[in-house]
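In what follows, structures are represented as structure tokens.
Two complexes are shown next, each including chain A; its partner changes from chain B in the first to chain C in the second.
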Partner chain A sequence: MKKLIVACGSGVATSQTVASKLSRLLKERGCSCTVEAVDMKSLDRYLAGPDVAGYVYITRPLKDYKVPVYNGIAFLTGMKQEEELQKIITDLKR
Partner chain B sequence: MQMFQDLINWILGFGASVFVPIIMIIAGLIVKMKPKDAISAGLLLGIAFTGMSEVINFMRGAITPVAEAMIKATGVQLSIMDGGWTTMSVISWAWPYAFAMFPLQIGINILLLALGKTKTFNADLWNVWGKIFTAVIVMGTTNSVVLAFVVASIQIVLELWSSDAHQKRLQKMSGIPGVTCSHRTLFFSCILWPFDMILRKIPFLNKEFGVAQLRDKIGIFAENHVLGFILGCVFGIIGRYDIVNILKLGLVAGTAMTLFPMVTKLFMQALAPISEAVQAYMQKRFKDRELYVGLDWPYLGGANEIWIAVIAIVPMLVIYSFILPGNNLLPFAGVINLSLAVPAWIVTKGNVPRMLILCAIGAPVFLYVGTAIAPYMSQLAMQTGAVELAAGELISNSSINAPVFTYATQLFAFLQGNFLPLIVAVVWGTCWVLYTRWLKKEDALMEQEEQAQASSEIQ
Partner chain C sequence: MQKEPMIYRDLIYLDPTYTSQHDLFESLFQQLYEKGFVQASFLQAIEEREGKYPTALPTEPFPIAIPHTDPEHIIKPFVAVIRLRDKLLWKQMVSEEVIAVKAVFLLGFHHHSEYHIRLLQKLMDLFSGTDFPDQLLKAENVEECYRLACAEIGNLE
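Right, the complex of A and B next:
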């Protein structure tokens, strides 16, 4: 199954908030994809793993990870959330 | 009143892993979750408690013997276990009135928005536990639920004002408009700030240097499994273990460090529906207002400088813990100390040399405050069974957010003749007022500069 990675400092709080919300929204739209919360210190390791469909960032990425990146802050603030969700769904269905 | 107290005690008797899920299910139904989802979230919360208790036990099994061995080898008494912030959050959620903090935070936020006393909507509902944590400390010093909620309310207001005060600077540093950081971890900035004002006068320290490459090289040492392994091995060496046992302890410590966040995630998953419901409610209510959205600190956390500082703080904490008189806390699960690195980053605007000096100045505070609050957290842990502790055993955290403010929340200790926390409260308050004023001045300067630049570009 395809996997989206969300990262924050501990891989526990902020990233899991986004991951929980995003996976619920994706399920509601009939999109099968797991969303995993990880900690920023181990991000490189997780993004290099198999089946990674994208990186949902909470802090602007400073380097090119060679996977599609999405704005995770949208899911925290609710602003432009629908836009970002559509983008993810379109990419996942491709 | 007596009957109410009896009821509370009866519920407490069940232990946190049973009563907190029950409260969660009730709270879930109140925010109109489907019964099936509310029960699922409640169960998940109970499982989080049970899992966390197991992981902490596992850590105890590894750390207690080596702590004793280190006492024998060095004579230094470091008997307080460091469970990190994850353990503190677990114990906080076990407070019987914990869930009341959700409506309190939202109520105060709505009131201040309506009165025009803040521009921030605090969307960070996970860190409601930070207010519960404060309430637990106030309970420990006063045994008064009312005072606990009063001090927690003050913290809610201060967090909103801190969000307002930091917004411009954080927007500039993160490049993300419309949001701010409502985490109380920023309260420590005002303590670091006077030191930074002195340090920035030294020209040598104002040099900028790139740290991206450095982070790529040493970043692996901050990964939980690697850091845990190294710490375990260091403790084993200090405790004069033989080589096999040093490596074994390293692996056990690495395991504990890796499992902590994995289990804590369950809390987050269980509480997500509640915080989403509350957030949706707030967003609907204040849709048409121009507001800053207050978030947890990680949206700032991409900066390489922060992670370099985090790595540098680990050996500082360990060395300080052995040499500082009066410290009883053995740094372990809390050593990823973002509560120090993030404020240092904000105050210095990411200047690495000054950040490192500020970290060296600030680190002892975390050990002393960790030592000071250990009895309160341990007492609640024992009462609720959130964490199993033997009699006399103490647990705390070496990276408490806003340590000076946290120490100050014991201020009512003056009733028993201890005036130190009250004095600390006054010092912190003074620094905070001066610091926020200075932030305002900086913002104004920044705006002027931007305007000047814009007009020169037009010409």
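Right, the complex of A and C next:
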């Protein structure tokens, strides 16, 4: 199954909150995709894994991650959430 | 699901003034440490984390910050509510642009838990069109703010 990776400093608090919200929203829209929260230190390792569909950032992206990237703040605050969700869904269906 | 008390009367701060983010962290750390909520390592850890991964959010009707650090620096989990008298400059998550925050929710999460995630989600939902932010500004004393925070943030089913 396709996988989205969310990362924050510790892999707790913000990244897990975003992961759980995004996972629920995708399920509601009938998208089969898992969302995993990780810490920044293991980000590269996770992004190199199989089936990675994208990186949802809640810290400033520092380089080209070679996968589609999405703004995770939208899912934390709810602002522009629909816009970002649509972007993810469109990409997942590709 | 595990349910823990997270809101404490003596961790509600109404209208303090701080000269800077550093001043706020230092002052709060002293109190959190004395009350047994955090380890001695907390101050350095929270400042490093905030420097590397800033936590202000452009929420409406006013911006907030949600500083937090690794669970190992926390002894007893808590959410400290700080309503600032004067807005404090704080870097935003992701963009790192500076914004003036009116309230700070210092999150002391001491382990990975579904409960903490729901609590943070609840807090964010409260800043998505509810009257909680206004009520927070209007609270006249600690008791009122404590009850508000317990009812809205700390009382999850």
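A few points about this structure:
Operating definition for what follows: the second predicted complex is superposed on the first by the 94 of 94 C-alpha atoms of A that agree within 3 Å, B and C clash if a C-alpha of one lies under 4 Å from a C-alpha of the other, contacts with A are read in each partner's own complex, and residues count from 1 in each chain.
Methods note: a residue touches a chain if its C-beta (ideal position, glycine included) is under 8 Å from a C-beta of that chain, and two chains touch if they have at least 3 such contacts.
Quantities reported herein were computed from a predicted structural model and do not represent experimental measurements.
Once chain A is used to superpose the two complexes, chain B occupies space that clashes with chain C. Once chain A of one complex is fitted onto chain A of the other, the partner contacts of A:21 extend to both chain B and chain C.
Look at A:92: by the touch rule set out above, it reaches neither chain B nor chain C. Of the two partner chains, chain B is the only one that A:41 touches; chain C does not reach it. In the superposed model, A:13 lies in contact with both chain B and chain C. By the touch criterion defined above, A:31 lies against neither chain B nor chain C after alignment on the C-alpha atoms of chain A.
Taking chain B and chain C in turn and counting the residues of chain A each one touches, the greater count comes from B. In the overlay built on the shared chain, the residue A:62 is in contact with chain B alone; chain C does not reach it.
Of 184-192, 220-228, 238-246 or 382-390, the segment of chain B whose C-alpha atoms clash with chain C in the superposed model is 184-192.
On chain A, the patch touched by chain B and the patch touched by chain C overlap at residues 8-10, 12-14, 16-17, 20-21, 40, 57-60, 73, 76-79. Residues 85-86, 123, 126-127, 174-176, 178-179, 212, 219, 222-224, 261, 264-265, 267-269, 272, 275-276, 279-280, 283, 293, 295-304, 307, 336, 338 of chain B touch chain A in their complex.
Across the complex, chain B is touched by residues 8-17, 20-21, 37, 39-42, 44-45, 57-63, 73, 76-79 of chain A. Residues 8-10, 12-14, 16-17, 20-21, 40, 57-60, 71-73, 76-79 of chain A are the ones that touch chain C when the two sit in their complex. Residues of chain C touching chain A in their complex: 49, 52-53, 55, 57-60, 66, 68-71, 93-96, 107, 109, 112, 116-117, 120-121, 124-125, 127-128.
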